[in-house]
Amino acid sequence: MGPIRVTVWGENVHEDRDPQVRAIYPDGMHETIAAGLRDLLGAGAKVRAVTLQQPEHGLPQDVVEATDVLLWWGHIAHDEVSDAVVDRLQEAVLGGMGLLVLHSAHYARIFKRLLGTSCSLRWRNAGERELVWTVAPGHPITHGVPHPLVIEAQEMYGEHFDIPAPDELVFVSSFAGGEVFRGGCCFTRGRGRIFYFSPGDQEYPVYHHPDVRRVLANAVQWAAPPAREHGGAPGAPESPAGWFER
Amino acid sequence: MGPIRVTVWGENVHEDRDPQVRAIYPDGMHETIAAGLRDLLGAGAKVRAVTLQQPEHGLPQDVVEATDVLLWWGHIAHDEVSDAVVDRLQEAVLGGMGLLVLHSAHYARIFKRLLGTSCSLRWRNAGERELVWTVAPGHPITHGVPHPLVIEAQEMYGEHFDIPAPDELVFVSSFAGGEVFRGGCCFTRGRGRIFYFSPGDQEYPVYHHPDVRRVLANAVQWAAPPAREHGGAPGAPESPAGWFER
Amino acid sequence: MGPIRVTVWGENVHEDRDPQVRAIYPDGMHETIAAGLRDLLGAGAKVRAVTLQQPEHGLPQDVVEATDVLLWWGHIAHDEVSDAVVDRLQEAVLGGMGLLVLHSAHYARIFKRLLGTSCSLRWRNAGERELVWTVAPGHPITHGVPHPLVIEAQEMYGEHFDIPAPDELVFVSSFAGGEVFRGGCCFTRGRGRIFYFSPGDQEYPVYHHPDVRRVLANAVQWAAPPAREHGGAPGAPESPAGWFER
Amino acid sequence: MGPIRVTVWGENVHEDRDPQVRAIYPDGMHETIAAGLRDLLGAGAKVRAVTLQQPEHGLPQDVVEATDVLLWWGHIAHDEVSDAVVDRLQEAVLGGMGLLVLHSAHYARIFKRLLGTSCSLRWRNAGERELVWTVAPGHPITHGVPHPLVIEAQEMYGEHFDIPAPDELVFVSSFAGGEVFRGGCCFTRGRGRIFYFSPGDQEYPVYHHPDVRRVLANAVQWAAPPAREHGGAPGAPESPAGWFER
């Protein structure tokens, strides 16, 4: 098998508007995320970054077909993502493409489409310490991740998080203010694997954090489809009796 | 607590077009389903039936708000259900309304909306015997249901059924042709409980079957929200530090 | 259906040895737990308390057969529970008896027997505030329980908690020191329902807390078998072809 | 990472007693299973076979510690496996060793110990056709496996199978007599991954079947711990406040 073909999608709006964000992520959050994956996965992955502002948001059909795992960071421009791209991504995930949904992308159209719930949560941006606790210690996404993973300053995300019960709950966070959050959640939809990971507000240097980078690299490996191929869209064939007999 | 307020929604199209269906269900499938619930739940439920052809498909806001559990049977007119009603039902389920999705309603817009997958499956209409096996024998939906439940003639539904892994798998069917199907599946979305039950093609008298009626009555009781009240739509409140302290 | 027949099992050792515990629970922790259930469930339950020190630990075969839901609190005398009683309880749970496992009973022999893991956890007894957060807001065990449930002083239990992934995760706690814990977990084993609830160290008046009492009362209702009957021990019948045909 | 270190455990009793079994498996079932893994995994695995009759059943501490994935086939001599070996295996699985449990080993002591239920099932040995259907098509264990996998003659195993709900349900079988069975089930216990796979009665050449061999090879890869190392037995450390701070 060849390297995992990874596409990092960045909304890329805060970086233009907000000097504080640009100071932390001078090349954009998507490029920092991509660089982390390149560092940790080396020849095991081929990583590119695309943005909302590109034609078809950087995700034309051929790019999606050549993507094994898509990472998605968005926050204030969810509504600018077109129906056509959301439809395309949903079909790709059901066919086997992995999807990593990051922080404020809990409200991304593709995430809400795939989960079917409101994906709402409680929040407070007060630069609090977040502790990310592993509750599934044998899970490959946790390999090499400290327990707890400590993030000195982050936006608080708290329960209730209105998602379906995850197929596997991997991480639970607590915050200095006492709230908890199911911040590392695995889902399977169709043939595709989805991982939601909550750390990553644009105002803090979370994607420079070595342990966060490790989680994302592990998750890319976990979410990649076997044999680097999508399985095709599911179908509903009429099947005459004995169709499976040799 | 008062009786469970149940609304049975019928697409009510086959009954008009197809003498074979009308012969089996002279008052419409929805009325047969409703009658079964009334027989088995007695004073424990208050059951009405509504149809696609009514204004707002029989589901204006006040009816939805006064519904604890909604049953949904549809087949050839899924696309005629309006966006407004699908939105309203999604919000109601996330707020706590129970939903029972029957047979060909695997393709109902509200089911696909809530699950996020294609909900496709394999099928063959050849009047085969279906055996419905209990795989969760302590589950309240199975109470009083024989193992297996035998349906002499039914449409075959077979795997792969493109749904998220159910939160609880209750029944698995086999068919004379050898196929299997996860035909009794529980999901929770938001505060609401959803039960999909596959037996029930319009060409066979499945909803007259006493054991099928028992399953539906059990499922109504399982899906009813505590205290007969919806919990309200989930929200995303900004929460100052210590908001929960007395 | 008659009232739920509840048996509260108390280890009843700290109460004798430790004046601090006796001051909080002068009649024993089991009697305080039982009183809370009687208050909240009224005629809906018939509650008795038994202890380790009684013959067969208060759980002879006839008592177990007449128990719909058993609550279990133990801490320092797990090893004194006999093989015969553990075997009896395992068979009863698999046959349909509900089981509520409280706090330090994570190490109870019957809990480890039913779960198959070490059930170990991290701990610190420092009288810290525990916040119990609901992550499954539609679940019947959460009905009427505040979010968060605040316990002013408790022993800290923290992850990793070495249990199988619960069938339903209902509550997650955080502690003043920053740890988190999956403190409200539902399991089904055989026909029986099991609920583990972590608040309840003997040094704090946790079972006098009205919200904790509410959780236990809800959990008793959730864990009670349909029709107040055990389903009998599972079997492994040799089954000739067509055994299920009429 | 080096090759996966695989140990195939064979009960090795039928092979001695029963000419029919010896004709199918002249070197023992364990050697046929091991040969299949060697063929399919090549340099990716290092496979040995051991048997009940060896000292410590072929599983002394050093062999267990040097095993990433253990396969287990047993039938009529479950009770001959010693407490010491069952304890050792349980600790190894909780620490991260993968375990594949085959066919009649549903009653193996280590399987019942880890699952906590009776693991009973319905059965009939009539040489019926078994169809193994994939219900989790993106799961790595299904990669390259036909849908359905057809086994011309097998013992029937049918529901109810008294196991905890699997963490992932991968395969469901049907039999010519109409029964169904959850025959491909994934569990995680502690750090370890467990896969139960039902095809494989000693009277039929199931482990020569190329698709069955593919399932087992896939499952070995799925069950192998990250970095080929066990995580150590879980512990219950007392943790002073702030123990995790740098």
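Should a chain be cited, it is by its letter among A, B, C and D, assigned in written order, with residues numbered from 1 in that chain.
Basically, a residue touches a chain if its C-beta (ideal position, glycine included) is under 8 Å from a C-beta of that chain, and two chains touch if they have at least 3 such contacts.
Everything numeric in this text was worked out from a predicted model, so none of it was measured.
At the far end from subunit B, in terms of centres built from Cα atoms, lies D.
Across B-C and A-C, the chain pair carrying more C-beta contacts is A-C.
Put simply, the C-alpha centre of subunit B and that of subunit C have 33 angstrom between them. Each chain gets one centre point, the mean of its Cα atoms, and the points for subunit A and subunit C are 37 Å apart. Contact of a single residue of subunit A with at least two other chains is seen at positions 131, 136-137, 147-148, 158, 160, 165, 167-168, 178-179, 188, 190, 244.
Across the interface of their complex, subunit D is touched by residues 90, 94, 113-118, 120-124, 126, 128, 156, 158, 160, 162, 164-165, 167, 177-179, 187-190, 233-242, 244 of subunit C. Listed in rising order, the residues of subunit C touching subunit B in the complex are 96, 131, 136-140, 143, 147-148, 150, 167-168, 188, 190-193, 225-227, 231, 244-246. Interface of subunit B with subunit D (complex): residues 129, 131, 133-137, 147-148, 158-161, 165, 168-169, 172-174, 176, 178-180, 182.
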